[in-house]
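First the structure, which I've put down as structure tokens, then a few questions once you've had a look.
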Amino acid sequence: MSVVVRNVKRVERGVVEAFASLGVATVHEAQRRTGLMAPYMRPIYGGAHIAGSAVTVSVPPGDNWMIHVAVEQCQPGDILVVAPTSACDCGYFGDLLASSLQSRGVLGLIIEAGVRDIRALSEMHFPVWSRYVSAQGTVKATLGSVNVPLVCAGALVNPGDLIVADDDGVCVVPRGQTSIVLASASAREQKESSVRARLAAGELGLDVYEMREALAAKGLTYRDAGD
Amino acid sequence: MSVVVRNVKRVERGVVEAFASLGVATVHEAQRRTGLMAPYMRPIYGGAHIAGSAVTVSVPPGDNWMIHVAVEQCQPGDILVVAPTSACDCGYFGDLLASSLQSRGVLGLIIEAGVRDIRALSEMHFPVWSRYVSAQGTVKATLGSVNVPLVCAGALVNPGDLIVADDDGVCVVPRGQTSIVLASASAREQKESSVRARLAAGELGLDVYEMREALAAKGLTYRDAGD
Amino acid sequence: MSVVVRNVKRVERGVVEAFASLGVATVHEAQRRTGLMAPYMRPIYGGAHIAGSAVTVSVPPGDNWMIHVAVEQCQPGDILVVAPTSACDCGYFGDLLASSLQSRGVLGLIIEAGVRDIRALSEMHFPVWSRYVSAQGTVKATLGSVNVPLVCAGALVNPGDLIVADDDGVCVVPRGQTSIVLASASAREQKESSVRARLAAGELGLDVYEMREALAAKGLTYRDAGD
Amino acid sequence: MSVVVRNVKRVERGVVEAFASLGVATVHEAQRRTGLMAPYMRPIYGGAHIAGSAVTVSVPPGDNWMIHVAVEQCQPGDILVVAPTSACDCGYFGDLLASSLQSRGVLGLIIEAGVRDIRALSEMHFPVWSRYVSAQGTVKATLGSVNVPLVCAGALVNPGDLIVADDDGVCVVPRGQTSIVLASASAREQKESSVRARLAAGELGLDVYEMREALAAKGLTYRDAGD
Amino acid sequence: MSVVVRNVKRVERGVVEAFASLGVATVHEAQRRTGLMAPYMRPIYGGAHIAGSAVTVSVPPGDNWMIHVAVEQCQPGDILVVAPTSACDCGYFGDLLASSLQSRGVLGLIIEAGVRDIRALSEMHFPVWSRYVSAQGTVKATLGSVNVPLVCAGALVNPGDLIVADDDGVCVVPRGQTSIVLASASAREQKESSVRARLAAGELGLDVYEMREALAAKGLTYRDAGD
Amino acid sequence: MSVVVRNVKRVERGVVEAFASLGVATVHEAQRRTGLMAPYMRPIYGGAHIAGSAVTVSVPPGDNWMIHVAVEQCQPGDILVVAPTSACDCGYFGDLLASSLQSRGVLGLIIEAGVRDIRALSEMHFPVWSRYVSAQGTVKATLGSVNVPLVCAGALVNPGDLIVADDDGVCVVPRGQTSIVLASASAREQKESSVRARLAAGELGLDVYEMREALAAKGLTYRDAGD
């Protein structure tokens, strides 16, 4: 039952690169508000923004052996996604593993557990989104699996899915939907940028989005203070 | 029952400006340790410090329609205070709404829920104190109310109350008490600055505050290690 | 039962200084993964790294009187470790106490409760690892103890123990074990640095750590996607 | 600033008694979904259901002195509502205080903190809704206030307000609104009972509530599995 | 994008019935420790134990409209599984919906949100496993989906999957694996019952499971206290 | 470093038996409010009340091997105290281990992690105080230690210490202090029972404890509502 799946299909490089300029909020909206990880997944430093294909790792609590196994399966442009089989705040990952991943061109780590050496990771510019920061080490005694479907922070991740992560969190785009989501996200960005200009110029959202009639229909009333 | 109250009285501009240099801890002490929001309300970036009049927004879980309604009620120097009617971690607010508020002179947002686009908000210097950061979007389907009294993060906020927020958290000063709190806070600041000098010079708080007698009366004993 | 223990033995200065360049993760590993505080203990600003002897303070919930008492017991190179007798998120400590401690050469504060004035503390370069940030003040009405053994964030701390704190968290090294832990940590650092070089050069951990055989013995299997 | 307010107006006895048969969910709905405390307020034993007038107590963290003061202000049919000025899990209340309150005809306790002696309290049939159960004792050193407005578990409570509590939680009804809420709640109960009969008989809510058209208008689609 | 999938395949009745006597812990072990929901999913009353086919409902935060839609899709022996698209503690479900489901032969509810009317539900013997108990009502304004794959409390649930729930929690068995899991669980039960007899008779697990050699090989040492 | 310490000294049987009728709150008070575990340690069923000598087990996250090792070290009247080396919600313990412990006369389990088979444990009358209930199993791959000092739920436990547990929580009494704590607890019980009678008869705590003067000295004021 412990298996390493090799040669998983990735998202096409061109598509990934197009996502790299799209924020998580935009991508999440563009795929109809699905695939977002829970908000307790936070970056260890601000300003990082990555997009890449998921290599998934299912690990036992307190045991990071399979992360070492997973490194070998990584290619440039991948993002490692790690989820423990039960809640665990151990520090599964530090600067040694990051050196290894970085040498293979891996873009970052998403882990629903703990991470350590965060100062070194920041200096290396190796971004991590994790649930915890903890110096607590792990053992290497029990198997898990690499490149199997798993649930990470409430989101289903299949190996090869697209991961986008920035200061707002982490979003998963199923590999088969990347093109359609990209088109939708780009359209959304364009539309938002014109709305942003109008709002910044002082127009009200009530007017820009033509909400007044619907609000009145729902029964919204206005009165002056003191009335 | 869904109502927008217009023309709420604000705190006088002069008073507000005087508060802008007072920290939350000082203000909270000066009003006898009342009005502080729960410590899970954290700024999205460090160093922001604002004071202004509250425009309150009561919103349903997962629905930010009323924030759009509230924008129209905002004036320069206001601070938007948003609380959901039940606990919710959705991202109610992003850079579009911030553009709109900023164009109206609103100073910042206090929200007992989630916020998104936090990198853009930081770059715009639009400060937010929130319970969560989340890219999860909201709908616009159900009414709430603007400028009604509400409880935000454990603190009662009436529309027009003074809000002070900095890296330590968020404090509410009832509009009718701003003058007395201001006087008390200023006196406190002055006194603290002389105490600070003495402590920094090496005097002990035990002596500066004349605590030794009271401690002895309570029965405090001293002994040497190894005795 | 409320007692202040004076003249507690500290860790030798030379040993402490040697620890100052060792990260918490390394120290924690070197003492066989013991002594780590819970990961909810977070620094108020990034990049601080301290090592020193613990002056412990057991305080009642919402009462910081004993911290004032503890200041007098502090020496240059000490670190104050404060734990409430029951969970409390009050802001026990601010810039006045920090001025006092800094004037005595104290290196920082570890507190399983709240801290305030965090912007001032950051500007003073007085590092704090705390469970909460809160402007909520405390009273001075009830005694506690100074330099007694206590549990802080899940770790046992005896007065005079060595504390090491950095961006990864806080670790306690019993005073009697500092030499042996130092030797082990230094050896570990040396070894890691050679491993890091190999990993950064692209060698796999699977090979560097010779894991392949043990993994196979446990039954790890490989298969290609689509098989 | 520490004050005990005497002779607070209560809700009329007849009105209170009418509420005693209404569940918290019904009352909450009847007053337009306001006044509910946070769901972490749980009963120490199942099946209790009380309604009465609030005597409020604002207490410091870890200090239950004011509860003793509040007892004297209680009348038959009252419910004690206790909130600490900052989050605290201490056991403020046990069987001695319950004996005292029960002898005065007080119906129960609502406390956003800890309670102890819960077995004895259960055997006495003195119901408590609390945030924590904890044997941790408190001190009697610092004043608070009795019968002042306060926020308990996210709900604003004014002295004399009606409190309703059952297995679903705790709801506050402002004293001035009890009659109108009672009428609305009774009407709601009646209506629900006829709907319940129809649903229990197998009619669908889709039909009972005539939802099909609205769902279709929103765009709901149906398809068969495998299509 | 809001869809109701009809006529989903269920697990065969005979298989389901065989699971009804198997505990969640046994089932979870039998399927290699997969499919368990997070431990915050707790029953509203003790002693309930159900097994059935999942009808899944994806709902917006604070909106239970789709539960009404889902009722129509339920058959005898089904279990309703509800997950909000973002974290929400509202009370989505009460005794009216339970009456409706019970009249259709539905066995119980699994919901990663709140439930209310828990006393009535207990008296009806309609079991619920939920994350929260809350009287907070919901609206009916926004669509979701019925019988789509979703993640509930960290577990992936496909419509028609087998759900088993008891006092230990909730476990999901993929529909295609029910037979193999059943065989494995039954074998496990049988084996455990013979082990239980030996352990109850005083034999040590160290001997029953023949662990002594492996422990020694790992380096376990024994010493007497005081040595 | 993994060690099993044998023949740890226990508390004398007579002393233990005397504690069996004392509640946790009383014991905790009698030893000056020390030794209480955090309030998240809850019993799996109500009404259990045990006192006995601690056999301690330090376990890795997700690994219960050492519990099997610990069973052999248990004697009649012991209580097993288990703490993981980092936070973990796995179900380390179920009815098989309980059968084993019960056959050796062990009175119950205290575990700062998860437990499963809770219905069977309840039926066996084997009480457990745990942080979580979870069906998630553990592995047997990594050593820990038996009968070493450890921190469990914030309390220091040395092997052989007295443990008292009831519906209010869990308290640790150091072995060397059991006689003095027993005397103090018995005296306290006697005194409380006379106070209870007075309070139940309607006397006010304000008078029984003679608090009025101290309250007035602190500045407590009274006023009538409406003044």
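Here the chain labels run A, B, C, D, E and F in written order, and each chain numbers its own residues starting at 1.
Criterion: a residue touches a chain if its C-beta (ideal position, glycine included) is under 8 Å from a C-beta of that chain, and two chains touch if they have at least 3 such contacts.
In this text the structure is predicted, and so the values were computed from the model without any measurement.
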{"item": "Shortest walk length in steps over touching chains, subunit A through to subunit D", "value": "2"}
{"item": "Labels of chains that are neighbours to subunit D and to subunit E", "value": "B, F"}
{"item": "Reference interface D-E: repeating pair among C-D, C-F or E-F with over half of contacts shared", "value": "E-F"}
{"item": "Angular offset of subunit E relative to subunit F [C-alpha, multiple of 5 degrees]", "value": "120"}
{"item": "Approximate Å spacing (C-alpha centroids) for the pair subunit A, subunit E", "value": "28"}
{"item": "Chain centre separation (subunit B, subunit F; CA means) in Å", "value": "40"}
{"item": "Multi-partner residues of subunit D (each touching 2 or more other chains)", "value": "33, 36, 39, 85-87, 89, 134, 136, 142"}
{"item": "Which pairs of chains touch, using the document's own definition", "value": "A-B, A-C, A-E, A-F, B-C, B-D, B-E, C-D, C-F, D-E, D-F, E-F"}
{"item": "Subunit E-facing residues of subunit F, complex", "value": "2-9, 65, 68-69, 71-72, 89, 91, 94-97, 99-100, 102-104, 114, 116-120, 122, 132-137, 140, 142-143, 147, 159-160"}
{"item": "Complex contacts: residues of subunit A adjacent to subunit B", "value": "23-25, 28-29, 33, 36, 39, 42, 46-47, 49, 166-169, 171, 192, 195-196, 199-202, 204-206, 209, 211, 215, 218-226"}
{"item": "Residues on subunit F engaged by subunit C in the complex (per definition of touch)", "value": "1, 32-34, 36, 38, 85-87, 149, 151, 154-156"}
{"item": "Footprint of subunit A on subunit F - complex, ascending", "value": "60-63, 85-90, 134, 136, 139, 141-142"}
